[in-house]
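Alright, structures below, take your time with them.
Common to both upcoming complexes is chain A, partnered first by chain B, then by chain C.
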Partner chain A sequence: MSEIVLSGKGVTQRFGGLTAVQDVTFEVPKGEIVSIIGPNGAGKSTLFNCVTGIYTPTEGQIFFLGQEITGKKVHEISALGIGRTFQNIRLFSEMTALENVIVGSHAKAKSGIADALLHTPRYRREEEEAVKKAEEILKLTGLYEYRYHYATALSYGLQRRLEIARALASDPVLLLLDEPAAGMNEQETHSLTEFIRELKGMGYTILLIEHDMKLIMNISDYIYVLDRGIPIAEGTADEVRQNPLVIEAYLGKEA
Partner chain B sequence: MLLQQLINGITLGATYALATVGFSLVYGVLELANFANGAFYILGAYFAMVLYASMGMNFAVSLALALAGTGILGAAMDAGLLRPIRSKGGTRTSMMISTLGVGTAITNLIIVLFGSETKRFPDAFGGKRLEFASAVVTYKQLFTILLCIVVMVVLSILVYRTKLGRAMRAISQNPVAARLMGIDTNTVILLTFFIGTMCAALSGTVVSMYLGSLDTTMYSSVNIKMFASAILGGVGSLPGAVLGGMILGMLETFVSGYISTAYKDVFSFAILILVLLFRPAGLLGQRTIKKV
Partner chain C sequence: MIRKLISLWAKYEKWVTLVLVALAVLFPVISGFNRYVVNIGVMAGIYAILTLSLNMMTGYTGVVTLGHAAFYGLGAYAAGILNWRLGLNVPLTFIAAMVVSGLFGLLLGLTTLQLSGRYLTIVTLSFCEIIRILLINLEWLTRGPLGITNIKKANLFGFVFNTATKNYYLVLAMVLLSVFIVHRVMNSRTGRAIIALKNDETAASSMSVNVFAYKLRAFCISSAIAGLAGALYAHYIGYIDPNSFGFTQSIQILSMGILGGLGNIFGSIFGAVSLSVLPELLRSIGLEDFRQVIYGVLLALLVLIRPMGIFGKINLRHRRLQDSLQLAGEGEEAEA
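Now for the complex of A and B:
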């Protein structure tokens, strides 16, 4: 069995009287694409927010590379090697595509204020490296020709790509993609599917939330299904597709 | 006369610009109107006055100690008061009212410790001056203007060329994404308060030396001037803060010189109202449309 990158044990998140995520246990093995699906309001994004530290789960534990990360600060978790994108795009709107990606590598930069003011060799080298690396990532993600465009000037599909590119800049081990295909047309979704496959080929481990069933069934190695915060099924694409509980959650009970 | 007014106007404008830059830095990162900034402006001046005039320390050392001390207090206000409000999900209004409270507390503490009478701030350059073409430039004026230029250059490099500056801009544009990019937002905000408060203290000290005196009534007047300059230039914009401060300083000097000192605020605020009517985002501010 391969190494487990991310795992959750009995993760529960309550907001007052509402239980958004209840007793969810999951594992994400290295180099695989694991997906979380479920109808709207199933608690998928809440689970992501627990993993990235935006919420501290009410109960349960989350482990990343064998280390418990429950309750750690957002920037600390990010620095450990988890990159994420958002359901609603959150780019730095007044920065260029290139700058957005450079910010992504923030946690890795070592030089301080004094270095920058004095323009020390260390600062220059680090800036050059950050720019070079950002350019490479932009080439890899097919955004190189747009590097000097402001984030807001890019098309919707490209903004989504830029979010992934920015997440890659932090050298993550694990990528959390929150509905990357949301609002994309079929052509864009197709190229995104290819792109996610390429990311897997490069060795990234991916945890994906998505509504687009075709995309999910095409690329997922393993799928967890949530319904109203409760895990109702898990398995490979074929197993999940045939699970009566899943069909019921999506289509309603048979009369 | 004209040249002399110009020189005086630039000097006053430079000090407004300095204080406003401190205000705008914090506003840029937190969208918070920090009204304690005016109190830190006075506090910095008192610090410097006590060290330099009362204890007889070297002026440069006094200034450096005053800046560092005030900067630390500004950062302490963030860590001890504003951060807890933020982490408990408090509103910007709560934070703003808290800064007003801190401002009032500091000013009154100064009155308790030093009394409310006006204090003298001696000229560190011994009244030396340059004379040319019927105008006079004192060394302390030159010092004020040069210092303002140096601080602006350093801050521009800081904000647009450093990792800290990039983090500051990232936080102002999208705080949640910034944290997820590995940016320690609380530390960046703390440093922003430290730097912003030092700008205010620097401005307060050079103004006091320029005018030769200081007292706590400067608190409310500088807060209003700082706020007006920031709005005039575009709140949160650094070039805007400099432009706003300069315009306000020039206007006050020229109105005082050619019309009457009594009318200087009338003109300043009339201009402010006009700018707000026709360019609500300020002269260099960006028009932003928030999506609903």
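Now for the complex of A and C:
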């Protein structure tokens, strides 16, 4: 039994009368790719937002590396070692690709206003390190030649990649990928699949939300299926594929 | 054409800056030490500091403020009162002005920075009004509507800034100091965090940026610099009253920032200088009656042609980096 990186116990999120996520319990073991799937409105993104601290779950608890993170602030949770990407790309538009990645490493540095004003040794060292690190990540993600382009000037596929690069800059233990293949064509999705595999090979633990079944079935070690906020199935790709409840949620009941 | 010019400017940025600073240093000499002209220079410099500080709050952090004159006024009154009651002078009055304004910025930020967008803008507007009314009513401290008269000229360890030219150089030094502060802060980890949170708060906080804390820092730096401008004004003019720091002033500073282009240091200075000089130019050619009309036309043109302001969205460092890559690329092609 490997170490559990992230886990949720009975996570429930209500918005007024609407229960977006109900009593979801999940575990993400170290070094694995765990996916959450479900039809539109199933509560996948809401669950993500509970993990990252954008929402505080109405009930239940979330643990990261054995520490409870329920109710912590977004930036605190991120600093603990959770990197994420966004379904609707959220890059920093006034910054170059390189600077976007440098911001990703924000938590790794300490220099403040005084360091900036006086250009202290710490400032110089951290700036140098941040740039070097960011350039390495851009090389790794195949974005190096675009390092000085404005993030928003990149093509859609590259922007998605840059989001992952930015998330990697914080040396996260856990990567949350929110529909990374959304809007991608077959070929782009294929290279993304390979890339996510590589990330796993590098030792990252990944929690994935995705609509693209092929991608999910290809790379997931374990899958949780949500429907209208309720967990209806879990298991390996094969188990989930054959589960009648899952088929029903996606295709409807047989007449 | 414009692209090329910007590339050239980016390439020789240091030289361009040096020439501009040299011109600024020589300005009183060029004007023949004309008191009237140098006086315009002093006021343009004070407005440049104010616009730089507004740029920090509005241009970089994205908080549109309609109350910047409040921090200007707080700085002026801090310096004025300390000089009048305790006979203090430069540099203590400058430091006190920055601290007082900065503290008020901290206070305002702590209580209201959870608000966003236009709600915060309305808060800054009312803050400015509150400060003005306080300055009028706290008569024991501020002499109310009478204002504080007879504030002594800046006196730095015995050197008295008693002419327009001497004050001009004092102001110029403070403009350069403000440029230095804004430039260094914005080109650092702190600056990147500030721009990130302006572009996207959710994404920034997901990158471990404490959005509230960084907004607060930007607020404090901005208000402290505005306070410095206030202290300069108080010592230079020698008389301050609450109505000098009201809504009209706030709008004046905001217009300068927007004209020059927010988020750009050069733009801030350009906006401040041009809108300080323009009314005097109009006066000299006998068009001062049409001042408001001309302002209106200019503003309409600006909004139509360049809504981001004349120098807005121009980032010379980025341009230089992008150009450097292009050059390298062409070089490789030539080799192949």
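Throughout what follows, the second predicted complex is superposed on the first by the 255 of 255 C-alpha atoms of A that agree within 3 Å, B and C clash if a C-alpha of one lies under 4 Å from a C-alpha of the other, contacts with A are read in each partner's own complex, and residues count from 1 in each chain.
As a convention for this text, contacts are C-beta pairs under 8 Å (C-beta built on N, C-alpha and C of every residue); 3 or more make two chains touch, one makes a residue touch a chain.
As the structure is a computational prediction, the values presented were derived from the model and not from experiment.
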(request) Superpose on chain A as described above, then tell me if chain B and chain C fit or clash. (result) clash
(message) With both complexes overlaid on chain A, does A:L18 touch chain B (first), chain C (second), both or neither?
(response) neither
(message) Touch test for A:R84: chain B only (first), chain C only (second), both, or neither?
(response) both
(request) Check whether A:L251 is in contact with chain B, with chain C, with both or with neither, and answer first, second, both or neither. (result) neither
(request) Please tell me which partner, chain B or chain C, touches more residues of chain A. (result) C
(message) For A:F92 in the superposed arrangement: first (chain B), second (chain C), both or neither?
(response) both
(request) Please identify the positions on chain A that touch both chain B and chain C, taking each partner from its own complex. (result) 52, 54, 73-75, 78-79, 84, 86, 90-95, 99, 102-104, 106-107, 109, 111-113, 116-117, 166, 170
(message) Which residues of chain A touch chain C once you look at their complex with the stated criterion?
(response) 52, 54, 73-75, 78-79, 84, 86, 90-96, 99, 102-104, 106-107, 109, 111-113, 115-117, 119, 123, 126-127, 130, 145, 148-150, 166, 170
(message) Taking the touch rule as given, give the residues of chain A at its contact with chain B in the complex, in rising order.
(response) 52, 54, 73-75, 78-79, 84, 86, 90-95, 99, 102-104, 106-109, 111-113, 116-117, 166, 170
(request) Would you mind writing out the residues of chain B in touch with chain A in their complex? (result) 154, 157-158, 161-167, 169-170, 173-174, 176-185, 286
(message) Under the definition above, what is the set of chain C residues touching chain A in their complex?
(response) 180-181, 184-185, 187-193, 195-196, 198-200, 202-211, 217, 221, 263, 315, 318, 321-322, 324-325
